[in-house]
Structure formats: structure tokens, C-alpha cells
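A, B, C, D, E, F, G and H label the chains in the order they appear, each numbered from 1.
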Amino acid sequence: MDNILELVDKLKSGKISLENFIKLYEENYILKHNDIHVDTFRNKRLGFDEVIYGRNKTVEQIKDIISLYEQKKLRFFCTGLDNQKLKELKLSFPNLIICEKSGTAKNFSSSKPRFSNSVGVIAAGTSDSKVAYEAIETLNALGIPNKKYIDIGVAGIHRFLHYMDDFKKHSVLIVIAGMEGALPSVVGGIFSQPIIAVPTSVGYGTALSGFTPLLAMLTSCANGITVVNIDNGFGAAMAAFRIIQQIENKNDR
Amino acid sequence: MDNILELVDKLKSGKISLENFIKLYEENYILKHNDIHVDTFRNKRLGFDEVIYGRNKTVEQIKDIISLYEQKKLRFFCTGLDNQKLKELKLSFPNLIICEKSGTAKNFSSSKPRFSNSVGVIAAGTSDSKVAYEAIETLNALGIPNKKYIDIGVAGIHRFLHYMDDFKKHSVLIVIAGMEGALPSVVGGIFSQPIIAVPTSVGYGTALSGFTPLLAMLTSCANGITVVNIDNGFGAAMAAFRIIQQIENKNDR
Amino acid sequence: MDNILELVDKLKSGKISLENFIKLYEENYILKHNDIHVDTFRNKRLGFDEVIYGRNKTVEQIKDIISLYEQKKLRFFCTGLDNQKLKELKLSFPNLIICEKSGTAKNFSSSKPRFSNSVGVIAAGTSDSKVAYEAIETLNALGIPNKKYIDIGVAGIHRFLHYMDDFKKHSVLIVIAGMEGALPSVVGGIFSQPIIAVPTSVGYGTALSGFTPLLAMLTSCANGITVVNIDNGFGAAMAAFRIIQQIENKNDR
Amino acid sequence: MDNILELVDKLKSGKISLENFIKLYEENYILKHNDIHVDTFRNKRLGFDEVIYGRNKTVEQIKDIISLYEQKKLRFFCTGLDNQKLKELKLSFPNLIICEKSGTAKNFSSSKPRFSNSVGVIAAGTSDSKVAYEAIETLNALGIPNKKYIDIGVAGIHRFLHYMDDFKKHSVLIVIAGMEGALPSVVGGIFSQPIIAVPTSVGYGTALSGFTPLLAMLTSCANGITVVNIDNGFGAAMAAFRIIQQIENKNDR
Amino acid sequence: MDNILELVDKLKSGKISLENFIKLYEENYILKHNDIHVDTFRNKRLGFDEVIYGRNKTVEQIKDIISLYEQKKLRFFCTGLDNQKLKELKLSFPNLIICEKSGTAKNFSSSKPRFSNSVGVIAAGTSDSKVAYEAIETLNALGIPNKKYIDIGVAGIHRFLHYMDDFKKHSVLIVIAGMEGALPSVVGGIFSQPIIAVPTSVGYGTALSGFTPLLAMLTSCANGITVVNIDNGFGAAMAAFRIIQQIENKNDR
Amino acid sequence: MDNILELVDKLKSGKISLENFIKLYEENYILKHNDIHVDTFRNKRLGFDEVIYGRNKTVEQIKDIISLYEQKKLRFFCTGLDNQKLKELKLSFPNLIICEKSGTAKNFSSSKPRFSNSVGVIAAGTSDSKVAYEAIETLNALGIPNKKYIDIGVAGIHRFLHYMDDFKKHSVLIVIAGMEGALPSVVGGIFSQPIIAVPTSVGYGTALSGFTPLLAMLTSCANGITVVNIDNGFGAAMAAFRIIQQIENKNDR
Amino acid sequence: MDNILELVDKLKSGKISLENFIKLYEENYILKHNDIHVDTFRNKRLGFDEVIYGRNKTVEQIKDIISLYEQKKLRFFCTGLDNQKLKELKLSFPNLIICEKSGTAKNFSSSKPRFSNSVGVIAAGTSDSKVAYEAIETLNALGIPNKKYIDIGVAGIHRFLHYMDDFKKHSVLIVIAGMEGALPSVVGGIFSQPIIAVPTSVGYGTALSGFTPLLAMLTSCANGITVVNIDNGFGAAMAAFRIIQQIENKNDR
Amino acid sequence: MDNILELVDKLKSGKISLENFIKLYEENYILKHNDIHVDTFRNKRLGFDEVIYGRNKTVEQIKDIISLYEQKKLRFFCTGLDNQKLKELKLSFPNLIICEKSGTAKNFSSSKPRFSNSVGVIAAGTSDSKVAYEAIETLNALGIPNKKYIDIGVAGIHRFLHYMDDFKKHSVLIVIAGMEGALPSVVGGIFSQPIIAVPTSVGYGTALSGFTPLLAMLTSCANGITVVNIDNGFGAAMAAFRIIQQIENKNDR
């Protein structure tokens, strides 16, 4: 069964019944193991691989998933892993490529880019770098060219002035900031590209674990800025992916 | 002074001093009147007109702005106007085109689209329609083709099944929902385009004036969904505009 | 087209294609008018009529819906209507039966009960009565026998002692309280029936517009109490309806 | 003293005084030990055993309770136990049956079901499984047949489509979800049974430790959904128990 | 039936059955009318009259209660009435004594004090005076001597220094403050009497409608301060009443 | 200098200047050591000893204070100590009397009561016992007779019925509850004494670390209940102390 | 009695007793009328006049205060007045100078500046102008030179570049912004003067009535920025006044 | 390149182009290493050194920064370091001067003061001392004379009376308090200097981790108090620095 689209077309035109469709779909595209369902068709349906979110999963659950993937020869990419989890996974799967700076693991080396449009990943402070690296690793896994700009603060606004020419070259800007989260407003007031703002949990007290930059970004006086969850570098990369797919017309519409 | 880019190039290469640049910029691109500065160059710099946000401005302040625009023969477009403000503005400026459904006013008729890629504006319930119309009117003002799909609820999930083929045709989906805000998760799990989620203040009690759908959308288990402020149909349209500019390569990079 | 179940069976067994199913479904079960979709099949699919929620709809939108219903000879029932809306609707549709105490309107008189199991609607204070009446009117519309017990406070706990024998007779208890919302805990500790707790916005300051009783009910030390939104008498009645359908086995499983 | 009902009847008809009633009740139905009162009559009065909530109790307090139960030959069932507590209890009471997946312990093996109606326990993600298992273990302890469906996400809405026939067979659906908590809305829009929604603390940032799915579920646009506390699998099972008692008429009304 | 205590004694000793007790209680001590139960025995049971809380009741509901009271020759006292309600009640019941400064109404003139211990009612600012007057009117109705001290701010801490001798004479101090609510901390650090702190909704922005002084008072570094709801002058007076009853041993223990 | 009151009288009548008063006060009544000021006069001024609050102090800071007290032969009583701190303090000061159940330490054995009126300390659940013991130990230190009633839940409301005669004997009731915090409302509706409600952080999810019972108690429909901070058994005891001082007229007014 | 400092010196050195001091102070420096105390000495003690805060006062209370001031020939200045209050006050006191733009009233014309250092009042948007004018009017009343800069947005960051030379001339900068409140961060990163940030309630949804800019300003990554309450232009002016008094050494230290 | 001001003047007058300016600036004033940019010019531009904020940085990142500073012979000062980080840094850089009481580290000994005006650092309780020491160490690093006053509580208001003469001598008062945060209101009502209020996270329950004193300070009824983030002793010192620079006219305006 190599083509889900054919399967859907058959259903639509009545060549197979709904019952048969569900049965075939389930047999061919859903991996089941214990309490895990892996949707191997998502790749085709949505245009990207199923990325595993590791933060709320136990090491055992993640190992189960890796085993399933390895057995089916699928690409495995997992985010939200702390150093302890990374170490335990590496022990069980020595071929796993782990990255402490971003908290990610994968079973494939990032091949050369599949896209030509690039993403600028801009972080306000050194402390925001983990979120930036999560975005970067995800973009790498998706085959999207990207460049990082870390410690570009708004309090030292002159500091990003000399990157302005660089920023203009990217098709999408991911702008990451904790504290008061003002950087996306400043960037959004100068640049015309799609801007995906990522608040981080950097700061204390009134930073409210990232809710202050989140609210500030959502309330930005710069037009057309969009926002993802706190510390969600992965989500920002996926949003950039959706945009770049449209630009390069590579999704399976 | 018809070309700001030339002005910037002169500054960069040292042909004019910073002091002269600021002076020329101010004289040519900033309209000042009372407590209002209008940045007429934003159009060129960011790729879009300056849209006036009317919610927190008095009728007097808005009238001042319209007068300035009319005098300079600029296109005026204003959002966030209640019926009372619309009526008062219409009295003073009979040529103004007002729209009660969206709470907007403008001094030009929407010309034919400047772009070929289109936006789908999907709203969960009839009660969300005002936010949808604000997005639509903004898209119209920007020259972006769009189509509305209102009352597509997640509780009656079958209800949007028959729009699936339509949804696929758009380059960007704006998905609007109040209450529990689940619609973007469902749409985002099926479609691969960029999705801009707009929470609305529809609901009561635990809807928290739109914060419940806002939080739900930010926490969506569907990948790569981005979010704007509550009831911010305008912001969603501007975000779509940033994307479509990239797709059609019409921005001034 | 009088039988949706046959339609589904045809789809499942492949007698009609998905495309045909959607087309037939849409033609026969969805009323469309302006920005409104009415799902006339919900009755059969879920076992109850589509109730209109009037709070966030304009009078014009509600009138559109009534016209559609009248034209299709469907039963119309609407909740969340303030006195002003009720008056305007009554003017346009003189046959409408309006109820100020509950904020509801309908186009049919409540027939004799369709069910034999009954619901006890218990409210802590006189001030909670509007929510109680919304539940009662909804139960009446659904054909469920019910009895009201209003002003049964927890501060005067003796006050409900003499209703204990009455309470035992009902299959479901809807327990409504504002302020600190303690009544469901007390009732739930004594009675074994399903208990649906409804917090109300009665109170001031630390009552937090109903969030204090909401949180208190969710945190109840009495086992197995379930909760609905603040002031949501309608939702409590619908939850009772789901339960009584199971008891009397009248749903369309 | 084998019959509390006779005791109550005697009080009501005046055969024993209130003073005597309290004395007899206390002697026969309340176990006291240190700072613990165990209400052994709750079984008869409410129709279920007293379940111990272990989360805020020290190991010493729980051991006291087990000793009391063992001595009185009562069935002991305790929820909310972390692995450390489970281990310590097991050391002291080797016959205790402990379950790490659900965080529960009991001193009896689950006998065969006492009820014929069943409960479907549906969880959105693998990460929600602990809450699902708490519900399942409680249902088992109560003698209620049940079936689990884990990793049925709303982002992959097709994923639960092939369980639809299964879901229809249950008398009650417990629907568990973290993140944005959209699953109950989708299930509630399709199925007519009583639906008990359980938000979980799975997620980060804007998931607000489970408050986002809690608020979303309470604000659901699907009618008649009821909600319990965050991560409260036990409470959902008890609510299902109250309903099934009514269906099978096994409570002591 | 003039003695409830005899009735209880008869129940306790078995002279009357529980059924008879409930019947007699209900006939003699509960006034019922529409959705209102008035507990005329509360006076004896708790040591004070039932005070009506008018804020969430309609004028019609309050009129019903007054009629009941008048008919039974009971003392009526109602708090939480705005000027509009006061006016409408006065029209229907010309003998009613209304007080705009406190928002109260009663059908009796405050007789001479029943107690000898007094209460000091201290308010931080002129803007807090309505809450102070509600406390004062309630104390008057209860027959408790009291003295008011209004506009004693903490920012002008010298201002209350010259009242120190006065404050010492009272048995209970009610301390009322909005804004940052610091006055109870200062008073509590100097005086040894029971202190009942009342936060008010005076202020704006970060005053959070009274939640800031509420939280500040609950967190006071002065020992043994207790707090009531925001703007709850009535509740503070009732708490003082409970204390003074103990001091003068006038309650019905 | 054995009499502060004489000192104050001298100041008032002008026998000593303000400068001299401050100097004498400082020399005689303030212990200074490092960053600590201990106010030894508080005993006389407010009628009670200065109790040390240990939660936010380091072990070193507490040791400094104990040393100061021991050297000056003052009674030391400290609350808010976890087991680790208690152990370290015991090591340094072997004569210290520590109590793990309440988290307190003192350098004196509780002498026989100084007061004749007693306090009832009522806790809803076994899990609330630490807060109850903190209140009890404080009352003991103050010489106030008291009796504990633990695990008196509101869900098993019958459970406290047989304590009713006991409760009546106390002059003040401290009522402690976590979860939904309903117990004070029920107790306050039946008993006429001063009631000091203490919310606890027992519970999870919607218990909001004690804010749900706090809000519920502040919003209680029972009249005249006052509230202290979450888990603040100490504060409740001090509030009871203020009241009992008034009843027995033992304060230094 | 023309010199309070002499009075204090007499107390300190023992020439007058505390009792006499309080009596003299009260007779000479406190105006009492109904529930109002006016502290006429504050001027000398703190270095500024007592400004009346009108927002939570009734028109009647404010009129009482004006009458007192007029009678004592004091300078009256009141903030927080809406147009309705301003109109009513003007009717009663025709000589009053009212200002709608700032919501203030005074009974004196602003004389020439008493200070030489100036304050820059910078507001992000036209909608923030009312808060700016409140600061400006207060500075005028205090005799502090000032200059306004309104509509200097952070999204159009170039817009304030040409004011940079102006900003440098002021001794204190008051920076006012609603929405995401980013302007103080940008200004604070460039300028070295004291910066007083004022959040405004301009915006909607996630602006949280000014709490989002408040939190953002408190969390600013620019060093040494201080913040006042939402919309508190008056407070910012008073804070500037405290600083300028120090600079010019005009306070009564 | 020893003079940035000359560089700016050259740009302004057109002697160098913007491109050259950026290049020169970058080469001379920005240290880059890994993900860190250090802005060595900030000293001159803003009038103070760049202080490193250590709380959200890893030890490795801080070590990188120290190495950079040492290599460039710059003064290094870092705040927000816990004992573990301090220890690790000391191991790598034995010459580092670390301070556990304040959580700071520096590579230079505080020279003699550069300023003559002093700051009073006043803390309400012993538990607030860490925040006080952070302010003091920062002031020392900046060369500002200062004096500490710790354990000056508002509940023992007499306790700070004897410091009043001391307080008067300072040009700026930093007032630090946790719990209800009342101290700044009391100090602000008596003293006329600039007051910078610092809320601390001392307290529990309703202290809300410092948000209660934060809100209380922002809502203070004392005029002209300004506030910084919770526990932000560093920020308060920097704000004092900005003021004292103005007083002594030492900034580079």
C-alpha cells in the first residue's frame, strides 16, 4: 500500500466502502503498540513527519516509540528531552543522535536542505538559547535552511541594527524573547516578513514564567505578528514550515 | 522626494549625514497634527498602509486623522469602530464607506485584488461573525482574495467535512472560534497550510472573555498553529498578508 | 429523505460513495441562511433537538433562525435571552412563548413528559432562581419530569433536612449554588444519585463572578460530583437528559 | 448491628431517641484511630465503599488506615499514591496489590463485574495514560466493566473514527485530555451518552497545569458535557458509578 | 409553639420522633412564600436576626420578604441596596427607614444598645465611608454601641496617632481600607483587641477591585488579624457581634 | 527599667523628651544582633510574646535568635519549621522542645493554662492535621485550653453531628479545611461563637494550593465568619487569643 | 502657629509634652469636616501640597473639600475627574479651572516654574494622551517645567529617533505606554536619566486593562526602570517631583 | 578607538557613512563569543557598566563571559547567583570575589565611593535581607555610599521611629518588604525623598510569591512611590544610580 491518496480517491468515488477504507487505513498507516498509536501517514497527509513530544512521556514510553520506528525504518525526531532522558535513551539506542543544547534526539543525520527559502532565528538573550536551538534543530530535521542570531536585546537596540541586512534575506523570522518580550514588536515594526514570536520562561517574578512576554507579544502594536506557546521553539519551526511549504508549493494540496 | 530607498542608500554610503537624513525623513514622511503622527512611509517600508485602530481613540481624534489623510490624498482604513462612532464619522465625512458588520470605515472602494493567492476565513459560530468580517474587510482593503465559512462548529464536526475541498484551495487559513476554541486544532490536524487562529470573546463564565479559547489555541496539540489577540480579526489578516507577500514575492525586500 | 440511519448504512457498506453521502446529507439535513447553519439531523444523531443559544446572538440573527424553523415546521427553543430580546422577539413572532424568569423562548407548548424518571432541581438561594428556571424550562422542553427546591441554603443546613425524602425520589439531582458553592458537597455526601453541580454568579468580591463556587464544586470532597459552566442551567439539564436517556434506553444507540 | 436502615427507621418513628441513634451509629459504623475517622457505613448509605485518597496523607497515616481495615476485614482501596509510597506500603503489607501505572493500592483482587453496563475510558494522548488507569482501576474496584482507548488525539481526528462503533456500546464515556482539551467537544458532538470530561496536567506553558483543558471543557460548545477536577480519574469513575447505579437500579434508594 | 429548645430536648430524649420534629419545626419556624424560605428561628438558634442580603435580589423578591415579615411582625433589616432599590422599596412601604449612606433599609428604629462593649469602626479614607456605614448600621440594628473614625490614612500615619486613646476603649476594632490595605497591619501592631479587617474596592488598576487590600490584609505581618470579604461591612459587624456575645455571655449556649 | 507604661506616661506628660524616650526605649526593649531586632516589649505592649516565624529564615538566623533569647532568659517559640530545620536546631540546642506534627520549637514546657475559656480546633480531614497542630501548639504556648476535632468532613456531615454538644462548650471555634473549604459555612450556620476559618493547601488541581477554600470561606453564606491566610494555624490561634483576652479582660488596656 | 518645625523641635527637646504636641498639631494643621480630614501641614512636611484624588469620591465629598480649601485660602488641585464631575464642580465653583483632556480641576492658575530642571513626558500612542496630560497638569501645578512627546511608538521605532536630542535635555523621563508597553525598555536602553514608566489601560483582550504593559515594564531588560500604577500620570509626576527636589535641594530635609 | 562620542559626531555630521559607523562600532565595542555579545560601550553610553544577570545563565555561559572580561581587562559584576554557582565560579576563577549573602560575584574590590550622595536601604524583616544585600553590593560596585536598616517592620511601627533622623540624611530610599508590603506606604507618607519600593517573595499562601507586596506597593496611597520587580535589589540600586547621577550631574548627557 504505497499511496494513501489513491485510497481516499477510491472512497470518495465509491470504489471502496467506508468500512473497507477504515480497515485498510488502520492496517497500513497506524502503528499500535501498548498505549501508543503512531500515525505514519501524517507525513503525507500534512506534509511533515510526526515529531514526538518527549516532555510528558516516560523514558519507557519513548523507548517503545523508538523501537517501533526503528522496526518500521521510519525517521524518529523527538523534542522536549532533559539531559537525564537524553542519557538514558542514548544508552539504549547508541546510534541515536542527541543534542543537549536543544533537548532533542533523532535517528538520522540532517540531510541537506529540501527547501531554498530560509528562516532567521533571532533570540533576545543568551538565556533564551535553548528555545532557539529547539527551533533550529527542528528546522534542520525538516530540511529548512536557517541562521541564528542570539543575544540581540531590545535594551541595547543598536545591537541588532548591524544585523538588519541579514534579517532581510530570510523568508520567515522566528523572534524569541523572555522578560518583557519587546523584541518582536521592534522587529515587526521594521521588517515585512511573517514573524513568529516565541515567548520564553526566562526571567523571574513579574516575568510570570513566560506569561508576561506571551501577553506582550499578543498585544504587540506591530501589525500581523503571530505567537506560539511559551518556550515552544518546535512549534515556531513547524509554523515556519507551513509557510515555506506554501512559498515553494511543496505541500500535497 | 519620491523615493525613500534612495534616501536610505545615500545615508548608508555617506552621501548625506544622519542629521540630514532625519530632517529629510521627517519633512517628507511624517504627518503631524495635534497629538498625532502619521507615518506615510510605512506603506513603502513595511509593504502595507498604516491602518488606524479606532477602539481607544475618540471620534475627534479619528476625525483629525481622516482630515489629514484626505488632505494628503492618502487611503484611510480604520477598524474597531462601534455603531455610534461609525454614525458620527459618516455625518462629518459623507463619502466615508462604513461597514457595521465589521466595525470598519474607509475612504476608498476596495479595488480588484492585488494578489492571486487567497485566504479562507473560517468561523466556528454565527456569534463569531463580527471578528470574521473584520478580517475579511481588512483582506479586501489589502487586495487579497478571500472566502468566508461561518458557523462551522466543532461540536458538529461533520458540518465542516463538506467544506474540506474548499479549504484546500486557500494559501492561508484564518480560523476563528470562541467558547473552548477547538476548531483550529481540528483544522490544523487535517490541513497543511499556515493557520492563524483567532480566539473570540464569545461565551460566558469559563469562556473568560476569550482567554479560554486563546489559551486552548496556544496549547493546541496540532503542530505549527499560530495565534493572535482575542477578537483580532485585523491582526490575523495582516499576518496572512505578510505570508502572501512572501509567496508572491511582492514585498519590498 | 426520512431516514439518516439508512443513509449511513449505505455509506458504510459502499452502496453510496462518500461524495454522494456528503451531498445527500447536506441537501437534506442542513438548513443554511445567511451566516447560519442549522443541523436538523442533530435530533436523530444525538437524541435531542438543536437548542439555540441566544446570549451572543443579535435579535436579527435569532429572528432569522426562528423564521427558518417556522418555515421547516421545527420546534424552536432558545435560552440566554434578556428581557429586551424577549420583548423584541415577541413583537415579531406573537405566537412565541416567552418566559422572563428563565430567559427562554419557544414555539411549542411543553407536551406531557416523554420520560418517567425525574430530576430534582435544587438551588441554594432565592438569588439563584434564574439559573434554576433555565434548567427547569429546558427539562420541560425535553419532556423530563422535574421538581424545584429553591432557597435550600447550606448555612441553614437544617432547612433541607425536611426535603430529604423528596430528594431520594429523583434519578438525577441538579444542585445550583453561588457564593461559596458548598451545597453540592453536602448533598453529594448524603445522596447516591448522579449530581450535576451548577455554580452561579451570585455574590460579590471574592465570589469572583461564580469562579469561587465553580472551583469549590470541582474540588468537592464528596465523590463523583460533576460540574458545568457558571450559570449554565441549560447545560445541566442536557447532562441530565443524557443520563435519563441511558436509564430509559431511549437514545438511538 | 447488621442493618443501618432499620436504625434510621427506628429514629424516624420515635422508637429510639436521637441521642441513642447517635450513640449506636457511632459505636457500630465509625472506626476511630488517632486522627482518622473511617465511615464504614458509607458503603450502605451512598452505595459505595470509602475510597482512601492518598495524595495528601503521609505513609504513616495510610498504614494506620490499612491496619484498621484489615482488622475489621474491610476492603481497602487507595488512590493518589506515588511510586515511593507504593513501595513503602508494599513493604509493610506484602499482601497489598499495588499498581504503578495508576498509582493505586488495594487489599482485594478485583472480582468479576457487579454491573452489566460498561464505561469507555478514552484518553487523548499517551501522556494522559496515568489518569486513564486511575479511572480504570477504580471502575474495576467498583465492579464496572470498562474498556480503554488511549492516544486518540483530536489533531489526528481520523484516528478515533475507527473506534466509533466501539464507543457506541458503552453507557458512559469518560473522556480524558490535556493540552487544549478539545476531545470531549468532538466526542460530545457525535455521541449521545453521558460524557464525563477529565482535564489532565499534561502540557506546559499555556496548558497552565491543566487549567486550560479544564476551562475549555467547561466552555464546550457540545451540550451536556460535565467535568471533574484536573487529573481526577477517580472522580470520573465515581461519577460513572453514580450513573450506572441508576441505570441498573442497584443503589439503595 | 414558643420554645424551640424544648422541641429539641423532646427529640433528643425520644419524646417526639424525628418525623414529628421536622413537621413541628417546619410549621412553626419556616416562613415560605414563592421561592423564599425565611428561617424565623435563626434568631434564637444563632443569637441574631436573619438579615436580608439585597444585592442579588430583585425588588420584587425583597418586597415579598418585607410583606412576609410585616405580616408576622418580625424585624426586617436589609443590606446591599442601591439608591434605585431603596427608592422603590420606600414607595411601596412608606414606613420603611432607608439609609443611602449605608445602602440599608429596616422596619424598626434602632432601639437603645443591648450591649455595653463597643466597636471602633476605623476607615482609611473618605472613599471607604459606604462600607463603614454598612458596618455601623448593622451594629446599630444589633444593639451594639460603636464609634466611627473615617479618613485615618496610613500615608499620613500621624493622623491616627491622636485617636490612639479612643481606639483603646473599644472591645473590637473593625479596620476598613482600600488601595494597598496597610491600615490593619499598623493598627494590629499597636493594639491588642480583636481586629476585623475589611478590604474595599476603592482604587483602580493594581487595586484589583479590592483584591490587593484583601491579599495584603491576609498576609499581614501583624499577628492575629482576621479578614472578611471585600466591601463586607455587614460581615465585619456580624463577626464583631459573635465576639461581643461571648464577652457579655449573651448568646444562647 | 521594669515598666514601659511608666515610660510612656512620662513622655505624654512631658517629663521626658521624645529624644530621651526613644533612647531609653531602644536601650531597654530592643535586642539587636546582626540583622535581627527583637522587640522584648511586645509582650507588654500587645499582651503576647513575640513568636518567631521560621519559614523564611535560615537555620543560622534562627540560631542567632535563640541565642539572644536564651541569654536574656526570654521564652522562645517558633513556628513554620520543617523536619530538617527542627533537627539542626535540636542539635545545637539540646534543651529545645521540638514538635514535628506542628513544625514548632520552644524553650519552655507549656505551663498550666492562664485562661479559663477554651478554643475548639476543628479540622475537616486527616490531611489538615499539621495546620491544626500548629494552632494547638500556639494555643498551648499562650496558655489557652483547647480541644482538637480532626477528620470531621462536610461530605460526611453526619460525622460532626455527634460532636455538636462538645462544640458548644468552646468560646471560639477555629475551623480548618482544604479542598472546597465548606466546613466553616456549615459550622457557622449552626453555632453562634466567633469562628476563625483557616484554609489549607490540601488538595490538587482546582484546590489551587489553598486559594479555593480561602475564597470559599471569604464568600461564605454563613454570617460573621472571619478568615486568615492559607495554612496559618498560628494566626488563627493569635486571633483566638485576642478574643479570649477581651472575654477574660486580661489584656493591658 | 506658623512653624511646624519649631513645634517638632520643642517636642524633641522636651519643651512641650506629647499630649500638648498632638493637641497643637491637631488644632493648627488638620482641617476636619464631615468624614474628611485635610492635612494642611503635608505641604511643609513632605514638600508638596495635598492633591485630592477624585475618582472614588462623590461630587458632594469633593465640593466639601473645595469649600474647606477656599475658606482656608489653600491651593486646591484634584485629579481623576470625569467630564460629568468636572461640569458639576464648575457649576458650583465658577472660578474653578477645569481641564477635560487631563481630568483635573484647580483653583489657581499655574504660576511660573519653581524649578529649573525639566521632565520629558513621552507617550507611545495618541490613545495614551489622557494619562500624559494628567502627568503634565500635575507637573504644572507643582511648578516643574515639562515637554510632551505624544505618539512615539515602538513599532515605528524610527519615529522617536529624531527626538533623541530633545530627550537628552530632561532630568527625568516619564514614559507612558499601553498595549505591550515596550517603549520604556527601548528608551531605558538608550538614555541614562531616571525613567518612570506608566502603563496605560489602552488596548483590549490580552492587554488585560493595562496589566500586560505593567508586567512588561516591571520585567524590563533595561536596568533601573521604575514603575507606577496603571494610568497613574499623577503618581509619575509626583515621583519626578521627589527626584527634582533632590536635584535642586529644595525639599525641607 | 578611545572615544565613541567622536564616532557618533562623525556620523551625525556625515564624516563617516552609516555603514562605516556600524563597522567601526562593531569592531571596537562589541565582544562576541559563542552566543554572547558584550556591549563594552554601554559604560559610556548609559553611564554604568554592563552588569551580568546570572539567574538564567548556566555556569558555562557565565565562565565564558568572565574569560572575555578578564581578557579585555573589564570590570565584571554578576548578580542572581546561588551558592552552587558561586562555588563553581570560584573554583575556576580563584581571584573572583564572591558574596553569598547577596548572591553576587565580581572581579574587583569596591573602590572608594565615586559619589557623595547616599542611599538608605531599608528592609522590613530579617527574611528580606538577601534582597537588601543585592542592592547594597550593587551600590558598592557603582561607588554609591549606602547604609542598611534591616528588620524595620510595619507591625512594630515604633521600631523605625528611632531611625527617622538617619533616614532623612539619604538622597534616595530603597524600601524592601515582603508579606503585605506596607512599609513603603508608611515611609512614603513621612519622607520626601525619591522612594524605590522592592517587593520580596518572603511569605506564603496569600503572599503570592511576592505579588501581594508588589500590588500593594503599586497601589500605595503615599504619593510618588515607584516600584521594581519582585526581589530585584539590583534594579532598585540601578534606579537609585540614575537619580544620583542626575543629582551630581555625573552622567554623560
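Rule of thumb we're sticking to: contacts are C-beta pairs under 8 Å (C-beta built on N, C-alpha and C of every residue); 3 or more make two chains touch, one makes a residue touch a chain.
Fair warning: this is a prediction, and the values are worked out from it, not measured in the lab.
S.K.: Call it same or different for subunit C and subunit E: same when shared residue numbers make up over half of all numbers used at their interface.
M.R.: Because under half of the interface numbers appear in both copies, subunit E and subunit C meet with different residues.
S.K.: Taking each chain's centre as the mean of its Cα atoms, which chain lies farthest from subunit D?
M.R.: G
S.K.: Can you check how far apart subunit B and subunit F are, centre to centre, with Cα atoms defining each centre and the answer in Å?
M.R.: 58
S.K.: Report, in whole Å, the distance between the mean C-alpha point of subunit B and the mean C-alpha point of subunit H.
M.R.: 42
S.K.: What's the distance between the Cα centroids of subunit E and subunit G, rounded to whole Å?
M.R.: The mean C-alpha positions of subunit E and subunit G differ by 38 Å.
S.K.: From the mean C-alpha coordinate of subunit G to that of subunit H, what's the distance rounded to whole Å?
M.R.: 26
S.K.: Give me the residues of subunit C that touch two or more other chains.
M.R.: Residues 125, 156, 189-190, 203, 205-207, 214, 218-219, 223, 229.
S.K.: Touching pairs of chains, all of them, please.
M.R.: The set of touching chain pairs is A-B, A-C, A-D, A-G, A-H, B-C, B-D, B-G, B-H, C-D, C-E, C-F, D-E, D-F, E-F, E-G, E-H, F-G, F-H, G-H.
S.K.: Give every residue of subunit C touching subunit E within the complex, in rising order.
M.R.: 123, 125-127, 129, 148, 150-152, 156, 158-159, 161-162, 178, 202-207
S.K.: Could you list, by residue number, the parts of subunit A that touch subunit G in their complex?
M.R.: 124-125, 153-157, 179-182, 185-186, 188-190, 203, 205-208, 211-213, 215-223
S.K.: Give every residue of subunit D touching subunit C within the complex, in rising order.
M.R.: 45-48, 51, 117, 168-169, 171-172, 189-196, 214, 218-219, 223-229, 234-235, 237-243, 245-247, 251-253
S.K.: What residues of subunit B sit close enough to touch subunit G in their complex?
M.R.: For this pair, the touching residues of subunit B are 22-23, 25-26, 30, 35-37, 39, 42, 55-57, 61, 201, 209-210, 214, 229-232.
S.K.: Note which residues of subunit F are touching subunit G in the complex, please.
M.R.: Those in contact with subunit G are residues 11-20.
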